[in-house]
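A single structure is presented below for examination.
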């Protein structure tokens, strides 16, 4: 319990310190984030990989409204918590070469957001979950709108209103569940225990699903995403794509499936269709993108679509949906690492030549062999080459989708081909070919750039070659989740 | 009782102090008086005393009196070098505001319609004057005349309503009226219904609910900013208290009759308030419209009468009051520097005045209803209250309006932080700093740990 | 005096209600149609007087004095309103040399 | 030292080589890099030899070596484990053996390239993945190698990536492989669904006692075959292989001739149990194989780039092998894999030596008369050519004829195609030889003076391979020549299905006779045409007869694919992005915002500032409310 509270509020405290740290904010925030990473690792070490919820903190908060500060960690939470605390230091390190104005505020906001994310990933109380959900949104809005690129105000306004609109409907759903709950509290277990008829479940499904679908984003709720990713400062993009997007996936797994299984059951086929459309659609769009950042944004839509498809497919498979679900778990982590890596590489390139326009670049590999190799490894991870972390996730996900329907798998599997097409196109046009007068002055990565990229590549390969710890971490919880869902589903029928 | 007396006496003392040109003494006197009144309020807690069958200082009354007094206190703190710039007879402002406050105390604690009427009139008449107190300012004139004419007009309806109800029940006493409704719920006199509706009209006018809201934007814009602050925060709160006291209390049994029109009014209010605010170029006017929309949210508490609707209004009103006070305080500062109250004059405020900008941001987040601010808890309670009756469509509609709300509240944040303008450096007097800090603190506390106020009543 | 009251009591209450409703409506229509602030103000007074009349009628009908007491309240506050109202109108007249309410639409949108 | 103790060294050593060369590519001297790079391969070759012989002595023919648990989720367990059996052991020998020769060759061929270290690290990595592919004891480990070699071929084709045409060729290869890989993956999923495992040792026994023509098996095998098509460059996915010649010649020899492209055949031979039970699939394989063999051969007829000729001949030979697989001659196909590995590697290296001598001139129209200049190269290549032409007693003859015999038994038509292809093969191969070596030099004198025989490091591998290409057929001499078909027996130990020919000896003799005669005819025709007639292919733009043009332009396959796939997809992409995404979906989202602000513009006009209007509106509302009231009462 103490560890958990420390884990959650250390970044918050860090944020406050950083806000007043002035020039040394960089250093302070780095220390804090690394400290919280260490703490997370410590917790992970003491974590017993079974289905139980551990390090549980359950304190009174707003008693009159049945709201408690109830947080805990199970396998699924553990994974995303690790992801968060792993990526935040990387993201902070990745910003070292930048000299943003109002440094202190920048890093303070990042750390503040971390607390919000951790709340989302550990909350066992729906209200707390919602608070964390918004608490993560506010700082990212400010990060993107303050340090972002051109047209950032309009774009971020859209992003903000779009996402918060979704989450308000989720709040409506939460209130509804609270009112249905005889105990009149927001405890997740109480929600799991609810027995709602399929009509109620149907619209609660939508109330939640829209919020999550917008966050991930799933086709056709995705149009805020490419603009936002492009306009945001790289660190903002990393936060959005690396961690924040996982909020949606995590929400589906933690709050949607177990609470309204019947609703999901009724609508999951539609959800799957949307996700799979999203895969093909986004991949195709990525083919002809001129801006590398936008290309990666669309690729991330495709990847998330596969994750979503895998989840909904495995949901329908009952207890042998473990593969798909586990795939989703691994892929959450992998996608986080890879996409952060990609955006960092693009950031490095942008910092050198002040453009991410694909056709303006080229021939960088000759001048920056180190960058070329690390970039290649990240690309390979993204196209799910066996031996990289991407493969484990996509393999299991596709298997899950396949077990649901061979055709779905065949279409979703196109991502294997399309991914290779657009990623290699980008790599070729950016790195290979002849150097032009723009890239002729390109210098290879050094310092923190090197460090960050090496870390990322190492993670890509380690998790690709030996994913067992990850799978082991989540397996019990995933099993338990699926059993719970199906037992509830059957009891309804 | 003694609350009103204290306030009135303070008013007179201040008036005389004004006569003897003791400008320095005004503010301290007022503050002392109000603090005493506040003391009495707290002292009378749980006493639930009835005064000559005319007023009842139950916790509801006291809680709202408390908010009104504190709000007024903060607003008085904002008078530092505000009026001096404008006119030399400052005492009138103080006196009139105090009288208005006295009237409001009556409004929140009346037990007899007579007191409602008297309190309402005391408040309104003072406000007519305050609105027009800048004699040579056209806007001010126009504001006060509009306010006066329409106010008087609406008073007529209120009175006609009171009369009809009196005719039906033979009494002005709330309890008796309620008793009448309960006893012969089968055979309620047909003139009672129009009575209720006419009173609803009168009160809707006072709280500025559509379609009786038309005076609000013009008057708020025309009046001196400080008076606008007073009107849009304290006055509104008092108005809602009166509304609630009458409809949740006396007319409660007739709920299913007047709830239908109320729902329509709520939707209209939300829609017009939010949508019109969207297009405003003028910060002050935007706040006026936002106050209309907030009236809509506040009326939620009447759509479903539950044990804690009163308390919900209290929380919401508190959150709204303090957030608005911040907004207006900053507006005053900016206007003093730039002379304009358009959004442009807020551009790039954050660069030079982080404190002010930050508190303004908090205020806007609270008004927009972002979690961890009081505004969110307020909205949440309102939604919760309405969801209790599964008014899904209404909530969905409110959510859509809230989304519109984000747009125009964030317009301010955008201007303050993300736009770059003439880097003005505001002169922030200590009292303003105090007000800002207190209000921000209250807003955040309400948002993070609302338990303290949740079951006050 | 007695027989006056008795005679009044003879008139059924409804007639009072209708009468006052009519007077009140006349007031409302006056407010609606006139553009001169003073006239509007007078119409408002008419509305108030309709109320007063009705109140009195009711109080007599249910021989309960509080109604008539209320009438005094109304009169008093109406007087206060008159004072303030006229002051405002005068002030406006000073500035605009007119008391036509349609002159005043500087504040809009 | 048992097999279990040794086997993990075989892939590990090349991997170490990759790591060392990769990290030290800047610091290490070229000599050292060369020694390490070839040394590790030699070492694992020697180990493979040891394993091979210990396996021969061993009664237990297949050893499964478990390393660690890779992926496990629910019922799915994928260990990283190796399977050593006759089939894989022979593959080990080929990969490491020929691999070593080519490494050796490269030390001199690539000597002047500044990316020398990188080249060797990639080459080692390739060998590592290739070994993984053949050693994997389940389809997933095989898939690691499968895609790994794809990666290496991507890296090596694009080795000179500054030339964007080469980079594109690399990308094309990777993507086309990916298409096959998706098929492979789906097949694996289906197998997991069907057999509940992806382990060879669990699948084949189950499959063994199923009825032929089981639909699931057909589907599985078809999906696997799609995978093979991608990797082994069969119709319609072969166009990447000719482009792959953009890579350095040793790469073409190792990856795109000897080893990687035969992975498909290896995989099908490995799964022969499944394929035997899916006659429908076999039929398709046979047809596709034959078609590929013919088409590629026809294209090869008119190519002028020496490497392109060899590339198409590779495709054609691969087609041959698939034809063999289709008609059930698994051993025959695998036999052809072996012999082909020898002579095609030899030919490529020879071509490389020519190109080296010609200072990276690849167009045969600028060569000629090199026999004197490059005697060793000429001789060795001639042996290779004879071998591939299928003239006895060289290796190609035996393997090819085994396939043709089975084909005849399966369907005379396919056999006819095979023979025709054999004829064409012989023709274009000799055409290449004559154009390159006979006649007189067609370049300037200055250039001619610079042409010289390649150094030892290059010629020694040529000689070794020439010997192998000559005698390689010995390992599976058919009974009719009193042979014992050693390879067939050996492979049956690995569960590779065997089908005895039941053709009369006379028929077999006639069949052989026909193909040999065809080859000799081809030789003579080529001789008359290019030595006597001293013909030289015309320049690219020169007019050609329709058929020749069709062949020269590779049946316009690239253009067709570009037209029916690439262009439409890009168009679709632009359409989705510009219209659907930006205009439609985002349009709706923005439209909501826009309409609200428009509404705002409109509604705010209600606030006309006119008191009269305000009061009117109020009264309007009042009337409405009162109306409601009276309605209610």
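Per-chain residue numbering starts at 1, and chain names A, B, C and D are given in the order in which the chains are listed.
The rule we apply is simple: a contact is a pair of C-beta atoms (placed from the backbone, for glycine too) under 8 Å apart; a residue touches a chain by one contact, two chains touch by 3 or more.
Computed from a predicted model, the values in this text were never measured in an experiment.
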{"item": "Selected interface, C-D versus B-D, where C-beta contact pairs are more numerous", "value": "B-D"}
{"item": "Chain whose Cα mean lies nearest the overall Cα mean", "value": "A"}
{"item": "Length of the line joining the C-alpha centres of chain A and chain C, rounded to whole Å", "value": "67"}
{"item": "Mean-CA-position distance for chain D and chain B (Å)", "value": "79"}
{"item": "Chain centre separation (chain C, chain D; CA means) in Å", "value": "100"}
{"item": "Computed distance of Cα centres, chain C from chain B, in Å", "value": "27"}
{"item": "Chain B residues counted as touching two or more neighbouring chains", "value": "145-146, 149, 153, 217-218, 407"}
{"item": "Residues of chain D engaged with two or more neighbouring chains", "value": "593, 604, 607, 609, 611, 615"}
{"item": "For chain C, residues contacting two or more additional chains", "value": "28, 31, 101, 104-108"}
{"item": "Pairwise chain contacts under the document criterion", "value": "A-B, A-D, B-C, B-D, C-D"}
{"item": "Contacting residues of chain C [partner chain D, same complex]", "value": "28, 31-32, 35, 101-102, 104-109"}
{"item": "Chain A partner contacts - residues on chain B that touch it in the complex", "value": "365, 370-372, 380, 383-384, 387-388, 392, 395-396, 399, 402-403, 406-407, 410, 414, 417-419, 449-451, 454-455"}
{"item": "Residues of chain A touching chain D in the complex", "value": "158, 161-162, 220, 223-224, 281, 284-289, 319-320, 322-323, 326-327, 362-363, 365-366, 380, 385-387, 392, 395-396, 398-399, 402-403, 406, 409-410, 413-414, 416-417, 420-421, 424-425, 428, 431-435, 466-468, 471, 475, 479"}
{"item": "In the complex, chain D residues that touch chain C", "value": "604-605, 607-612, 615-616, 619"}
{"item": "Of chain B, residues touching chain C in the complex", "value": "113-114, 117-118, 121, 125, 128-129, 132, 135-136, 138-139, 141-146, 148-149, 152-153, 155-156, 159-160, 162-164, 166-167, 170-172, 191, 217-218, 221-222"}
